[in-house]
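Chain nomenclature is as follows: A, B, C and D, assigned in order of appearance, with residue numbering initiated at 1 for each chain independently.
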Amino acid sequence: MTQQSPALRLEGIVKTFPGVRALDNVSLDVLPGEVHALMGENGAGKSTLMKVLGGIYQPDEGLIYVGDTPVVMSNPLDSKAKGIVFIHQELSLAEELSVAENVYLGELPTLSFGRVDWKTLYEKTDAILSKLKVGFNARTLVGDLSIANQQMVEIARALTVDAKAVIFDEPTASLTDAEKLVLFEVIADLKSQGVGIVYISHRMEEIFKMTDRVSVLRDGQYQGSLLTADTNEEQITQMMIGRKLDLSRAPITHELGDIALEVRNLSCGSSYQNINFQVRSGEVLGFYGLVGAGRTEIAETLFGLRQPSAGTILLDGEQMHINSPSAAIKAGISLVPEDRKTQGLVLGMNCRDNMTLPQVDDMSAGPFVSDGAEVAVFDLYRDRLDIRTPGWRQTVGNLSGGNQQKIVIGKWLSMHPKVLIVDEPTRGIDVGSKSAIHKLIRELAASGYAVIVISSEMPEVLHVSDRIVAMFSGEIIRTFTSEDVTEDNLIQAISGITPK
Amino acid sequence: MNTKTLLTTAVAATVLMGPALAMAEYRIGITQNNVGVDSYQTTYERAFIEAADANSDVRAVVLDAGGDVARQIAQVDDLIQQNVDAIIIWPTNGEAVIPAVRRAQNAGIPVVVTNSNIAEQGFDFIRSFSGPDNVTQGRRSAEIMCDKFKDMGIEDEAQVVHITGQPGYTTAIERAGGFEERLPEVCPNVEVVDTQPGDWNREKAQQVMEAFLTQYDDIDGVYSGDDNMGVGALNAARAADRDGIIFVGATNFAVGYDAMAAGEYWGSIYQSPVDDARAALQTAIDVLDGEDVPFLNYFDTPKITQDNMDQFTKPVF
Amino acid sequence: MANIASKQVLTVLGKQGILIAFVLFMVIFSLANSNFLSLDNLQSVIRSSAILGVMALGVTFVVISGNLDLSVGSMMSFSTIVVLDLHDKLGPNLAIPTMYLMTLGLGGFIGYLVGYLRLNSLIVTLGMLSAIHGLTLTYSGGQNMDIADKSNTWFGFFGRGEIFGLPVPIILFILLAAFLGVLLAKTPFGRKVYAVGGNPTAAAFSGIPRARTVFTCYLISAFCVATAGLIQASRSMGSQNTVGQGLELEVLAAVILGGASLLGGSGTIFKTVIGILILGFIQNGLLLMGWPFYVQFVITWIIIILAVWLDISVKRGKLWVSN
Amino acid sequence: MISEFIKRNLSTSAIWLFIIFELLFFSIAGHYLSFSDGAFMDLNNMLLLLNQSAPIGIIAVGMTLIMVNGNIDLSVGAVFAIAGIVMLDSMTWPVFAGLGDWVIVVSWTLALLAGALLGALNGLIVWKTGVDAFIVTLGSMLGYRGLVFMFNGENPTSHLNWTLIDFAEAQFLGFNTATWFLAASVLVIWLVTRYTVHGRNAYAIGNNRNAAVNAGIRVGPHMVINFVIIGFLAALSSVVFYSGSGSVNPNDGQLYELWVITAVVLGGTKLAGGSGSVIGTLGGVIAIQLLRKGLGYIGADTSTVNLVIGLILIVVLFIDRQLNVKGAQELRV
């Protein structure tokens, strides 16, 4: 290792909450000009650590150094002033304000009497934007930008200060490949300026492409750091979960049934055009593509949340008119939506009520909801999906991400659908729960469900799918079978590169 | 086709309204307190419009302040702006309208106050007040009650509760003042044990009375600022099976008149909104005609009790 | 240790705070005035709270579904005026159902605007507050409505009647509270109301029709308003056009006091009833102690803020917000 | 992007189109229905209109800031009454007896201070307890009204000072005192919203509170400042108005909150916060005052005024919805 002092150094950080030791003696150093990956399952302590760095939490013990100076951060602005900058995973922008105001949110340049110095503001922002090579300027309203461009605004924020360390928290979640390349250039640029970079991501490909070192947290404890070049995916995973993870393809061990769902020439405005595919019962059909390729929109159309502009949907060979979710449910289609917190769950409700929500009309004894029937359903799927909760009265908002996702899956399994659509089944879920959910999807297919899995993670699609539909820009480019799929041609298909 | 229709309408309107406008000698604007809040004010408005329509020399601009003093002041300014010949005002607040009334006077527009007078500082700016004498009404109610107590022989021990009108409203203040001033004069031993506002509202008065009934075991008389509230109080007493209470009100409403006929309600003050409205309009016309108008132009509001009610027709409101 | 103890105190207070406050008030008032706890007075308070209470039951549904209803006051005036007017024209047998239908029509209109057209409920009901008042005035011509022959009708039953010594308004309030309480807590519809209010998107993704659920909530609210109007009309046999003016805020205050969140998704009928009784007893208690009516305004202010504050500080685990 | 631009401008200019429509309608209808000689669109009548818009208008300017910030204030009517009482009552306090007409300055200051304090109290409660502003101010709407009554029981508080009234009735460059105060409030708050850090942060907080918090903006102090401003403006509206009328009923200002909110929403400010402008609000205020004035001018009665204003509010909301409606193929949740 080099002799230079780290850009950011943590020493023996301890943070306890009532009953939990969220961070247990964590030490970490990020060198100037280094991209340092921080990995760990959800609940491993990453976000607590970030909050300590952001001044939102004060550590119980331990010291933070920026350069050689020990610092105490009292709030996010304070930590930014001390040279630690965050780029958050969730967009955190004010849409009615201009790009410039968002970039300098919380620290607008001022003149006397608290006036905003617009001239300086626009000049400084445009200077940053030109570095990012984006197609909009400082005066554009953020609300008029695409999601990806909004993410670029978020990144522009990090460049406003003389940062010693920049922390990227899942920055590529909503970026296209082209935009990812710009982001990686930005990171390389920061790196060459001697900034220390912390890169948090679940995506192994990015970790191996981008980072110099990997540090792993597990259960609030520091597990060690490895040079990225010297390690591999399995080793990191093992550090994260403490055991080996099987990412190999599960063999098909059962016969496929009849065609459960067929879609012919389905189009929906500008979202997607001329979509054709079939799913058999017992089969897992993967949909792979970039965010915005039209995958989620197809799922939402099948579930009656959007109206197609053309095309037909056949279920068991019969043409269906699905104009509402209740019609879809009745027809036997279920959708596990991509965002469980906003779309999947009523967070203030208890576990049981969430699980039985779509079928509450059928749970009744006379005019009343039957407590017994509901608890029976809940118990069944709690056991089957191994949902960890103190009891059905527990408010769903208090569960971990993995358990929440299992509640959503249980909710739709209990409807006994013919076709189960799962959109991003493991987004934001720790590795352990991830593999449990993958296993579950395979089992569901084996027991005769037709399953559609939409995912942005290639290992996931490869792992669970029998066939994979590759989408690009609203169209199906190619449907792969398990024999002809390779990582290379899959990536080419979803990037709009025509295969040779 | 459309243009033609429009043209025809326009011509027709000119033909019909032109002469009418030309003939109208006086344009009189009125801004009322809060039409629709109770029947008295509604009947007043209707009577006023009828009286104005009946008089071919008068065109009336009829406005309503909705109980909001700011809106009333705006309406006075509007009337000044429209350059009416006279303004009649039913003040939402007897003092707050004084500057607006002064503006009217400065613009050369005579102002007549109706129903509820403005404060004394404003007397210089108005030509006349036309309406009931609310202080006298309060005094008369006290007399009605006292006389009844004397008949019953309880004038030395009787306990009275008092339900007032809308807080801050001149009529309410004047009636309450008159009552509380006169009662000790005629019946020095009668005690007013409690006073609460009923906001001119029957339901509110009923609630207030319910609490009074719980709180005081001995209530001999109830004075309410008007019959509407009085009937609310009566309902409460009936529901609690408390008989023998003497109810006296003011502004005899139809419901009060009926209750009197039924022997449940003792007395009130007979005050007709029709008389009130006509008197106001006539006062304004007289002022415009240059006649000599008394400054305080009270119309008579006599006592009405179960004993003499056959001399009065049932109020229409 | 002390910290944990205070946290437990906070939790208990938060969960049962409203009940504790309720009991506290009862004790204070009964010490201050011996008549306060008399059966007569208790009955009188509940009876006079019944009208407000019946309206609050309906508004509870609307609030749990994530909306507001500021039009209940002027809608109640409308029902009262209409049923009184129709009583003499059609007789009570026809007048009552007709009035219910007309009120439900207004509720349905609001429900359509908020449910199906997805317009903001605060503004819609604010507009309807004014519009329905205008409608009532147009209908009545601004005149008070009185039943001509008060002694010769059974119409007084709903407001003045008694069954086994219990006033009918109280019985109606209890029956409606029980019915709506069960509807909200025990039926599929009630579950949907909570889901739609708690997370409308997730409800839609679960196949629950938001529009129809919200629409139904406004119908329920209108039904309650019509019942309140009926009790009111029957009780006084005559009414002004402004009889319900301002009640919307008292009703809302009671619902909030009962712990329903304005964001939707939480609250119960039982808690709303407690909220109504607290308001009723404060009003009555202060009146009995001979305090002017406006002291009640100030006390209601303090209680509402304390109640909601306690509720949310339990949820976030601390009393004060720092940021 | 172009259609976005058109939509954005259409929704902000809609209120002015509506005002033009009202002017034309009342001019034409008034020609047939009014007994007045003067034309509706007479210059003096329009100047009067601005003057009459002031009481609601000055408060609405403050409400715009509050609503842009993502809050609401239902207590403005009660603050209006309290400030009026403080001003009129303090003019008679013996302490100030020697001041002559200078007492006016002192009384104005006291009233404005009272308004700002009551606003600050609301703001502090909203900030420190974390209770929703709707609930806090619903409570203080009652509580402050209680304070009004405690001042002077149920009696009006009155004091006629002719110097003060002359000041209120004065004209400068053709505009009335109240109009100047309205214009000044609009201008100052417009400058605050456009050009100050506080104003921009208020938009940011209303737009995306989490983003603002993450960026280190201290949400609480900004909210308190805005509540102080609206309290101050409610008091300013009050002192301007009561300078010209001299008497406060304890019930004055009731329902003002509803009128003010109506004006602000008509002016295009979003209830959810983050979007809106005081210029639009000025349009909303003028539109309402014009409607009241015009309906009176053509002889409509109270019931019609209520009906029309209520329905217009709903129609405006409906049109706004239609302008922002999503395509048929969009997600329907």
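Observations, loosely collected:
We adopt the following convention: a contact is a pair of C-beta atoms (placed from the backbone, for glycine too) under 8 Å apart; a residue touches a chain by one contact, two chains touch by 3 or more.
Small disclaimer: the values here were computed from a predicted structure and weren't measured.
Across the two interfaces under comparison, B-C and C-D, the one joined by more C-beta contacts turns out to be C-D. The geometric centre of subunit B is 33 Å away from that of subunit C, both derived from CA atoms. Chain centres here are Cα means. That of subunit A falls 71 Å from that of subunit B.
Rounded to whole angstrom, the centroid-to-centroid distance between subunit C and subunit D, based on C-alpha atoms, equals 29 Å. Averaged C-alpha coordinates put the centre of subunit A at 45 Å from the centre of subunit D.
In subunit B, the residues that reach two or more other chains under the touch definition are 35-36, 197.
The multi-chain contact residues of subunit A, meaning those touching 2 or more other chains, are 305, 343. Under the contact definition stated at the top, the residues of subunit D that touch 2 or more other chains are 149, 153, 213, 301-303, 305, 332-333. Pairs of chains in mutual contact: A-C, A-D, B-C, B-D, C-D. Remark: subunit D residues 1, 4, 195-198, 200-201, 203-204, 207-208, 210-217, 274-275, 327-333 touch subunit A in the complex. Of all residues in subunit D, only 32, 35-38, 42, 44-45, 48, 51-52, 55-56, 149, 153-156, 158, 160, 165, 168-169, 241-242, 244-252, 255, 289, 292-293, 296-297, 299, 301-303, 305 touch subunit B in the complex they form. Residues of subunit D that touch subunit C in their complex: 125, 127-132, 134-136, 138-150, 153, 213, 218-220, 258, 261-262, 265, 271, 301-314, 317-318, 321, 332-333. The touching residues of subunit C, when paired with subunit A in their complex, are 4, 182, 186-188, 190-192, 194-195, 198-199, 201-209, 265-266.
Of all residues in subunit B, those touching subunit D in their complex are 10, 13, 17, 21, 24, 27, 35-36, 59-64, 66-71, 73-75, 77-78, 81-84, 92-100, 102-103, 119, 121, 164, 166-169, 173, 197.
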